[in-house]
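The two complexes that follow have chain A in common; it is paired with chain B in the first and with chain C in the second.
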Partner chain A sequence: MRRHPKGGRFYYKYKREKGTNLKSPQNVEVYIVDDSCILKWSGSDEFVSNVTFSVDYQIPEIDDWIKLPGCQYVTSTQCDFSSLQLNVYDEVKLRVRAEKGNDTSPWYEVDSFIPFQKAQIGPPEVHLEAEDRAVILNISPPGTQDSVMWAMDSSSFTYSLVIWKNSSSGEKRTETVYPRDKIYKLSPETTYCLKVRARLRVQRKVGLYSPVSCINTTVENKLPPPENIQIDSNNWNYIIKWDYKYENMTFQAQWLYGYLKKFPGKHEDKWKQLPDCENVKTTQCVFPRSTFSRGIYFVRVQASNGNNTSLWSEEKRFDTEIQTIILPPLINLKSVNGSLRVYIGAPKESENKSVDQPYRLTYEINFWENTSDTQSKILQKKTDFTFLNLKPLTVYCVKARALILEEKWNKSSDFSDTVCEKTKPGNTSRTLLIAGICIALLILAAVVYVVRVLWRCINYVFFPSSKPPSAVDEYFSEHLLKNLLLSTSAEQIERCFVIENTNTVSAAEETNHAGEDYKKYGSQTSQDSGNYSNEDENSGSGLSEEVLLQGAV
Partner chain B sequence: MSVKPDVIRKCLWPACLVGLFITGILSLDCNFLNIHLSRVTWQNLRLLSVMSNSFSIECLRENKAFELPEEILSHTQPVKNDIKEAFYEASIQAFNIFSQYTFRSAWEEKHLKQIQIGLGQQLQYLEQCLEEEEKENEDMKEMEEEGTKHSATMVPRLSHLELRRYFNRIDNFLKEKKYSHCAWEIVRVEIRRCFYLLLKSIALLRRK
Partner chain C sequence: MTYRWILPMALLLCFSTTALSVNYDLLWSQLRSSNSACQKLLWQLNGAPQRCPEDTMNFQFPEEIEQAQQFQKEDAALVFYEMLQHTLRIFRRNFASTGWNETIVKNLLVEVHLQMDHLETNLKGIMEEESSTRGNTTILRLKKYYGSISQYLKAKKYSHCAWTVVQAEMLRNLAFLNGLIDYLQD
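And then the complex of A and B:
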């Protein structure tokens, strides 16, 4: 045990091993500002001289500790390890120990850290240029141009500025500024002081303030710059308007890509002329929408009267998205069965290209009968819908406009052209019509059929067909048939001749009695069918024949 | 040899999906700017697909896995703001990367300008949006005042660090390949993929 010379306190040492006389460095801390990486510590014992320190480092890929060049056996209590060319996003481990002679203290290991995370944003560099009522800023990002720490952040810094008048009141004004920017609304011939610091929003890093710089604004310029720039738009053009105190001036306007503002450095040469706004005599200028593709731009205006030119006006930010104009839609009407179908189409630009309208649009449709004045309004999101239950054969008119109805942002287009269309006859009358037509056809068919039947009847009655059926033809000759058919009307009469006279009369009386039997016989035996049919007449002839026969017997 | 039809086909599908998912962004706590933000973001994504005429097959050989950090895209993000900030960070880095483009012949000047303008717009809206939220957030004000106190407030922003490392890999890749045409093509496709996945995560988060 050793008695410590200081104040009588006893320091108990642990095992007397090699290198354990010394205590490790205390209060070891890492300070990183921009690219300067410094390890600081304090020796355990300020009064002991001839103590040196060494620092080692370790990176993830290599397992061993590596001696930090320039920080071996140094007497100072800090070490700059900026030159290590570390990847600032990788973990690093450091350790430090004290040495005296042959004794070494135990290593003090610093918790592993990521340089980028530990890094503090240093002060930016500020250059100033004075105008009469404004100060032009030129801010260089923290660190050097080849900064390793901020290599990926050169355009990511956002800057905030504090400015005040150097006089007694010193009211401070804070603004967020671009690397190349202007502070407006200052008074001429006044001293202003300001300081700027950079910020990385996502990493929650706030930088150190730059040293305060002061500047005097100049004498007031003869010609003030144009003020109060407003940018409006209509369907085809953008209109820039501004105010100016004096008459008879000519103006010109320039524009700049918005994104260029994020880059430090000069872009005075990047401003471009607005061709339609060169040397305009009025305090406004109009240029077509096609000049700018979608994006954010800055616009500035300058006045001149031949001899003198004013300074540039305030740079007005101009966003085509916010200035967007909704064009009125195209309407197509189609009358269908007593209702009206409406098609809302996308508007077309003059060159017949259909316009890209990606916002969700709501349509306000005005709808009225042509003859009446009352209009009904409905809001619709669909582009294809139908008005039902309309009066048939009436003319209805429709006009519509497109709206964007979002929180805090209302925009509407102009009304489209009015389109009118007559509704078709209604459902019921139409069905009647169809029914009527069908019935008429049926009736016609029926009439035709009836007429055909009648005609056949008439034909049958008055103009019969004279042809007998063919079966009959087979059995009868044509001639016989004719006779049979025709003999109904005319009959042939046979002539009878008496052959015997009176002698025969008595015989005839007897024979009369016998004749009666003969008559019977005659009637029975008469074979002549044809003669039978006319019995009265033929029997006479038959009798005569019998008499003849009797006579012969 | 151009694989343009394939690339376009591959792009249309995610672009459409993003279009559908874009509505997810609208509900995050920013005011009407969200409408513009979503529109602009989608347009930028589309532009990233369209700005190149052809993706040569030979460039595929130089393809490298950049290992987009999946934790950022996980749906277990407790705070919606985290992913919006991640998106802001990705937008800034993409903006920085495209600002370095000097290879004149491959991409048309107007497309390059448009993507820079578009990303600038996206950044502008995101910044305004985050600023608004910050003003509402009392905690942030305390940090603003303590300018000298360096980030002992190690609120673990590890997800952002991972994102940074990812973009650092992309940056180094470009430098290694000396900003060749193929390197730019690969980077363009990679950034598009990153945006798409971030937007998808935002939309999915919103549904929770």
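And then the complex of A and C:
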């Protein structure tokens, strides 16, 4: 830039610089719909002309960038790389740059992607065929028949359809349909319009809607198709029942393998006759279980009266597993403390042992007190559970039935026999009882002990024992005791007689008191004499005897 | 052209299909019933050994299926569903030229379809989840794997020897799937 002074005004000249002035393409996006893979971008500068673009690609096995054929030095701002025949499940990288003459912009690298993941599901192709009250659908999957993108998924698509009456009040109805299916419950001679789109559920891809197609339903058919098809079974047979307006009709039933419905294309020739249901006169037919191996089938019925035949009824889905009969379970009750334990056992085996029920059964259990009428219902999946917090010593009753609560069907067995059981005394009251008894015993023992101690004390204080120790008792006899007792009293003064003369005798008596000493002496003398005579004998005892004898005189 | 490869395929399917239930406590009973169905098919199958050139093809079975531990049960279920789908698709065609009893083959297809139906019911919730990253990589690899098998059979014009190669491939897969089922049963 140079300043060009010219009378105060300045002019600036910009000189174009040579080199990498070219910017990379902008807004580069990958668009994939079915098998059509397109890379789109916009040029950096809209006013610049003579710019071309080139695209390269790279796949995992090869490290180098490869020139994308048909997209080298192109003037358009998009490139179709569908013809590359890439593996749609492999990662691919793309890069694009702008060129002008010898100039090249830097490469713009698109983040690596997996075509299948980026792909959008295109619109399916729809063919319609009209009946009086139904429209037959024939849906071709998105993409071409030899589509590479959806080669592995042709049978995986699910289709959702929107249908409405062409009239102003067109209420729309949405349904999930098979590739070959029928829309029922339509009115005759009415124009209906619909559109369909495909889905891949696992990949969570939702496709684009097909263009709207319209069709007129036909005039009402003379003979309506049979309605309300029901399939029941017992241990040996399946029974199809249906309703029909008119009398004196002949019916026939056909069946189809369920898996065929998943595949597009015609199955009309694949329906097979049900042998036991050809030309039946009643609105039901019975065929043996052995006709079908385990699986899913479709069944349809048609009426005829010789001249005319009706259209086919609605195709009824028939799952042999659903048709198995559930037998009522066996219940076993056990009273445990203050609760009731319930065991739900397998039902008794039926005659036909080939009935196999690998389903998850839910049990509906009715539970009530024998004396009351109110029943409580619970649903349980476990086969061994307990009712807690029940009243003790009360009779409770239980009955149960097995249910299958799966998405597509709702089947239940009959109720089992009612089983009743009395609850035992409660856990807490029993422990209290035991505890009470123990405590009572302890208290009793304590009381007895205390009473014994008190009694001893009382005895000791108020009623002391007068018995000498036993050793002493042995040693001394009763007599000795008495002697000891009496000897104390024997210390009294004895009357003594001094025999010297008669005078002195009287004198002695008179001077009794004065001559105490003398008497004593006298007694002593006599005593002595007594002693001499008794000396040979036991002195102690003899002495005492002598004394006693003398005193007595 | 015999149809010997149906046997291991049947085994493969029957073991695999029975493993799949969101309510995994059903697993044992489904496994049992599927086993008996497979045994029945087994007994009905009899093939004469034929001589074929020893072709070893690597169809690139996704190795992560060998390592069952990394799978959550829902992811494993989706993988099994995918495998069922492809097996149904491959089985359905091109047995007109075999001398094989069509009824047996159809009964097998019916059994496969039944298991798919169970899965669809059980996996409905999972399939409609907003977060879409479940098992995507493995499923893409499975599509690629079955695609290469289909292309191989087509290229070999469904010859007997091509079926023999495919049969050997399925036998190998069966071993992997058994491991997966054992894991799921825990």
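Keep this in mind: the second predicted complex is superposed on the first by the 306 of 553 C-alpha atoms of A that agree within 3 Å, B and C clash if a C-alpha of one lies under 4 Å from a C-alpha of the other, contacts with A are read in each partner's own complex, and residues count from 1 in each chain.
Following the convention adopted for this analysis, a residue touches a chain if its C-beta (ideal position, glycine included) is under 8 Å from a C-beta of that chain, and two chains touch if they have at least 3 such contacts.
Values in this document were obtained by computation on a predicted structure and should not be read as measured data.
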Name the contact category of A:D64: first (chain B only), second (chain C only), both, or neither. neither
If we overlay the two complexes on their shared chain A, which of chain B and chain C does A:V206 touch? Say first, second, both or neither. first
By the touch definition at the top of the document, which applies to A:D373: first (chain B), second (chain C), both, or neither? neither
Please work out whether A:E247 is in contact with chain B alone, chain C alone, both, or neither, and reply first, second, both or neither. neither
Looking at the overlay, what does A:Q120 touch: chain B (first), chain C (second), both, or neither? first
Partner contacting more residues of chain A (chain B vs chain C): B
On chain A, the residue positions that both chain B and chain C contact, one per complex: 87, 89, 114, 116-117, 151-156, 201-204, 257-259, 262-263, 293-296, 319, 321, 358-359, 406-408
Write out the stretch or stretches of chain B touching chain A in their complex. 31-32, 35-36, 39-40, 42-43, 85, 88-89, 92-93, 95-96, 99, 113-114, 116-121, 123-124, 127, 130, 143-144, 146-148, 150-151, 153-155, 157, 160-161, 164-165, 167-168, 171
Given the complex, residues on chain C that touch chain A span 23, 25-26, 29-30, 32-33, 36-37, 78, 81-82, 85-86, 88-89, 92, 106-107, 109-114, 117, 121, 124, 127-128, 132, 136, 139-141, 143-144, 146-147, 150
Chain A residues touching chain C in their complex are 87, 89-90, 114, 116-117, 151-156, 201-204, 257-259, 262-263, 293-296, 319, 321, 356-360, 406-408
Would you mind writing out the residues of chain A in touch with chain B in their complex? 31, 33, 87, 89, 114, 116-120, 151-156, 158, 197, 201-209, 257-259, 262-263, 293-296, 319, 321-322, 358-359, 404, 406-409
